[in-house]
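In what follows, subunit A forms one complex with subunit B and a second complex with subunit C.
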Partner chain A sequence: MSTQRSGRAAITGIGVVAPNGQRTDAYWKSVREGLSVLDRITREGCGHMPLQVAGEVQGFDPSALIEDRFLVQTDRFSHFAMAAAALALDDAGLGGGAPAEPFSVGVVTAAGSGGGEFGQRELQKLWGQGSKFVGPYQSIAWFYAASTGQISIRGGFKGPCGVVASDEAGGLDSLAHAARAVRRGTGTMLAGAAEAPLAPYSMVCQLGYPELSTVAEPDRAYRPFTSSACGFVPAEGGALLVVEDERKAVERGVPVRATLAGHAATFTSAARWADSREGLARAIRGALDEAGCAPEDIDVVFADAMGVPEADRAEAQAIGDALGGHGRRVPVTAPKTGIGRAYCAAPVLDTVAAVLAMEHGQVPPTPNVFDVCHDLDLVTERARPAELRTALVLSRGLMGSNAALVVRRGGESAR
Partner chain B sequence: MITTEVTFDELAALMKKAAGITVDPQELRQSAESPFDSFGLDSLGLLGIVGELENRYGRSLPPDSERCKTPQEFLDLVNSTLKAGA
Partner chain C sequence: MTRRVAVTGVGVVAPGGIGATAFWDLLSAGRTATRGITLFDPAGLRSRIAAECDFDPFEHGLDAELCQHADRYIQFAVVAAREAVRDSGIDTAAEDPWRTAVSLGSAVGGTTRLEHDYVLVSEHGRRWDVDHEKADPKLHLAFSPSTLASTVAEQFGAKGPVQTVSTGCTSGLDAVGYAFHTIAEGRADVCIAGASDSPISPITMACFDAIKATSPNNDDPEHASRPFDAHRDGFVMGEGAAVLVLEEYEHARARGAEIYCELSGYATYGNAYHMTGLTSEGLEMARAIDTTLEQAGIDPTRIDYVNAHGSGTRQNDRHETAAVKRSLGAHAYDTPMSSIKSMVGHSLGAIGAIEVVACVLAMKHQVVPPTANYETPDPECDLDYVPRTARPRKLEHVLSVGSGFGGFQSAVLLSGPGGRTP
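Here is the complex of A and B:
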């Protein structure tokens, strides 16, 4: 694929709805500054739970962004996805109005928890009032596929659509899926993920994860790669990218922000973090192979950063296994420690951060993390200026999926 | 007010409540033979309206009511059912 000059998958649009910024520029400013927005959970009905700290998207008003006829039939996770998709299309110069070639635009998203809040509301009607009070949109709103479907309906997109259900790493897999669709001839894909796991039922579903941090102090709850690592905190929000054929982007005269150069995924079973070392290392090698990259070509690594000592160790070792001596020298960062892990959306937000880091020539820091106890050059405290051409984004899921994505800077280096 | 007649005004309000669709009652009346999808109402939206009416009147509507294609057809069926049961 690396030698293939035509049909490369280019990122031409970015849409972000994140706890630290509800537009791409606001997100980047927070990421670059190393701002942490982790805080006590304020959403209704969640106050009594042992999970107390998360990254909430506060002040998000879906009714200002999305028509009522879509709002009544969708959950918050789809609201985030639809909002991010619209922002991405605008950024790519494709917003507003029906697409000129509807069959050449497709959508692929990943989701880990679906529409839990909507589902809870309808189930409460079922047991509180009776089956006749359950609305018909319960049949679609909770479903993992809802965001892909609603984005395509709202935009009038009739190209190939898909949903990736492969755990948190599915966020990267959705981008790979989009790149494949583009290489097979689909002009434009919207790809990414959004999640809304901060509602009572959805939170109860997470309480059984031993990796979940129940620390109540926001600045201490999620500190991967340190001796005080105590698990991860969840987040809501997400990001969608416009991925299109690089030639088409050049024809349209829009900037190629980055290219999706290589991806690979592996599976090493739930909660077997030591095994994820080999799984992640193989995913990294596979992504490098597809991108035609040597380990030394990687200028920055966006780590998965689970925040569980055994998992952090496995990730640090995997980076060393796959990148050799370069693995100890390459800057590594995990901006998600400032916002939490938005499940499938986490690696998509990291991919956005990687693109922006390359555009701005700055490796953003890892908020709340000091005293790194692994053999990694983890960037902490403040952004580090660097010439960045190629980034590696890593992701693992609680159920055992691992994925790696190589992203190349756009502009001249993309040609 | 207890009524056994569902009006265009009420149907317009139900389309807003159940399916998020804003439609002028006057326009709904004038275009009563136009298909529901021309107003943006899909089959699940109509099913939601049927459910709202069944709960409001405490009785079942015939299975055909959720298959009606136009506002006029739907109101005729609903109102004849409600009258028959009154």
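Here is the complex of A and C:
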């Protein structure tokens, strides 16, 4: 604790397990090219449901990164999270065993669907065979806290550990939570989200969301900001970030990839999309305030892109309300139309895309979307080169949360 | 920015009595609310006992929509939140909605409803490719954990940061702690904070059976929850909710609110040891206690009462005793430390908030609630556990601690109004 702190939360490591790429470079390649991996769901037991299209993580082998003793006691959502955490730690140069100061590293994840596949298996044993057939790991695999707990144990991280069990916007809340922990004095936080909502019973549970797309053609199922918007497509996977005090990163000699500069969250009730206009605009203003940014400083917006006409309109209006005339000129993108919405993990994956977009000087496109019917400069078809210093990431949740995050390119805020 | 945080209202739905008055009556009398499970047929389970709430949503004025469609744990939370808001005297309609936040915890959320519908769609566990047509069209509300905070926020028109916290058995303490940060750091002026769980269902009971965490003392349920006693044999499942109204201190004073006490510190750490296991040293919980004391600028010798996690498992009670001794030193032996889980069971994510409310009421009445059923000392647990009978005591600074699956170790510090002035 002897080192001075900057009070700025730097992103120094990124780990991604996404439907369109299971490493950061593979994810960026797909995002930049505007590749859509949305497809018919192939998971066993799901074929007969009205929900036909999703973003699946295909061919994922967690044992390449995580020891079997952890894998047997965890659900697929924790496999994603643990793998993403391992990749992020490696990326940050922190992959070499337990930290010297265990209380200086904490973990916070967001979770919106829990260990559904594991839970369904155990429910099947209980109701099909009897209570004595329920295994010892059900108590630690199904609940929302599983990923944070296992990442903490595997890494030897004893710092502040937390879980926000949220709708989509919770993914940004987890990053803000980490940034605040860093500002309060914790040296390093692992933060983000991973979800695995594509087990049969988990899918049944999602069918009631009125915003869910039931269109069966993969390239037509998720088209936000167009006149053919018909809801959203769910996805699995996620991302974790290593967030640490900027000065600590500089002292360690690792690159500061970006800083988490500002965040704000509001609530405007489930399915009240018109009301989300004011809620999201206030979140944007709050995030800009915290970051000390003017609207004109925003070089790119990663949209929530719900894919519901009323919600898309509210988002376009919110961007205009909060950014003024700049809101019509700033490039806006939604790479998630190529992979679907992985609930809490969706805005974390967007944050990763924002960091990579700033590093590469390119705004990635919005796959499957043409003929934008709102007053936005939505980037479609191909990536657009641009000098990007500051990005705004937006997220709204199905239960009514709105959140905005301002991310600055590494080195920008230190000057 | 660090602002002071006041507690101005409390509400409780607990086994043995709904409402703060009934809850305090139970605790101060040392009565237990543990019994044989009635919510479902527990035949075949190892542990067939629980602390259940006798709760009728209609009786508590919930509308038809909430009565018919909301999960039990959400009904609990709404009833507790309404009581807390009423108790605080705050007019939520007159508050700035964008400065009003909600922070609620739950360990297992809608699992009871999810299990109920699972049985229908899977034809009693026969099908993996479940039949979606048999499912409740509102099942997504049980699936989404944020339904809890969202539903309560809608009740009071809150539009500030609204979050659901799920850190297993410390969810309640952490939800209160997140609310503390939200107000102290200036993101809201008022926060409706607490937790709720209704986990008494076959899958939850069976999963704790599988690891022998719950008490098998089915023949004597009233005396089955025995924290710190040498004959303790596991926790007794519970259910319930508790909600507090937290306010920025000057905000509370400006509207002339009656301030119960101040929330003066909060910290949480991971033990990075085992998902369900605890060390015998209690190092991480001690660290959480030390941090809360540092935040408040309070010397350990000024702690007047420790509300223990005290689940009644062999490892927990030993772990916690070690942690408190590590933090309070010799003063630990002079500090009463009791577990209300002896009376109201262990309601997983809810209990942390229920225990914070117990501390608020203990300070109000200047009485330490007892550890019911404590008869036989355990050499490994050698502190003053306030056996069976409540004890009057001057309470200025009170700690509530918790520990949960996943390794979470949390502590909340409450200080009497003006108690932080040296």
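Annotations for the structure displayed:
Basically, the second predicted complex is superposed on the first by the 406 of 415 C-alpha atoms of A that agree within 3 Å, B and C clash if a C-alpha of one lies under 4 Å from a C-alpha of the other, contacts with A are read in each partner's own complex, and residues count from 1 in each chain.
Assume a contact is a pair of C-beta atoms (placed from the backbone, for glycine too) under 8 Å apart; a residue touches a chain by one contact, two chains touch by 3 or more.
Just so you know, these numbers come straight off a predicted model, no measurement behind them.
With both structures placed on the common chain, the touch criterion links A:Q73 to subunit B and to subunit C.
Once chain A of one complex is fitted onto chain A of the other, the partner contacts of A:G410 are absent, as it touches neither subunit B nor subunit C.
In the superposition on chain A, contact is made by A:A165 with subunit C only, not with subunit B.
Once the two complexes are laid over each other on the shared chain, residue contacts for A:S113 go to subunit C alone; subunit B is not touched. Look at A:G135: by the touch rule set out above, it reaches both subunit B and subunit C.
By the touch criterion stated above, A:P364 is placed in contact with neither subunit B nor subunit C.
Of the two partner chains placed around the shared chain by superposition, neither subunit B nor subunit C is touched by A:P347.
The partner of subunit A that touches more of its residues, comparing subunit B with subunit C, is C. Shared contact residues on subunit A (touching subunit B in one structure, subunit C in the other): 73, 132, 135-136, 139-140. Looking at the complex, you find that subunit A touches subunit B at residues 67-73, 132-133, 135-137, 139-140. The touching residues of subunit C, counted against subunit A in their complex, run 44-45, 98, 102, 106-109, 111, 114-115, 117-119, 121-122, 124-126, 128-130, 132, 135-147, 150, 153-154, 158-168, 174, 178, 181, 185, 187, 202-203, 205-211, 213, 267-276, 284, 287, 404-408. Partner subunit C is touched in their complex by these residues of subunit A: 44-50, 73, 98, 102-103, 106-107, 111-114, 119-120, 122-132, 134-136, 138-140, 142-146, 148-150, 152-153, 155-167, 170, 173, 180, 200-209, 264-270, 279, 282, 397-401.
By the touch rule above, subunit B contacts subunit A in their complex via residues 16, 18-22, 40, 44-45, 47-48, 51, 54-55.
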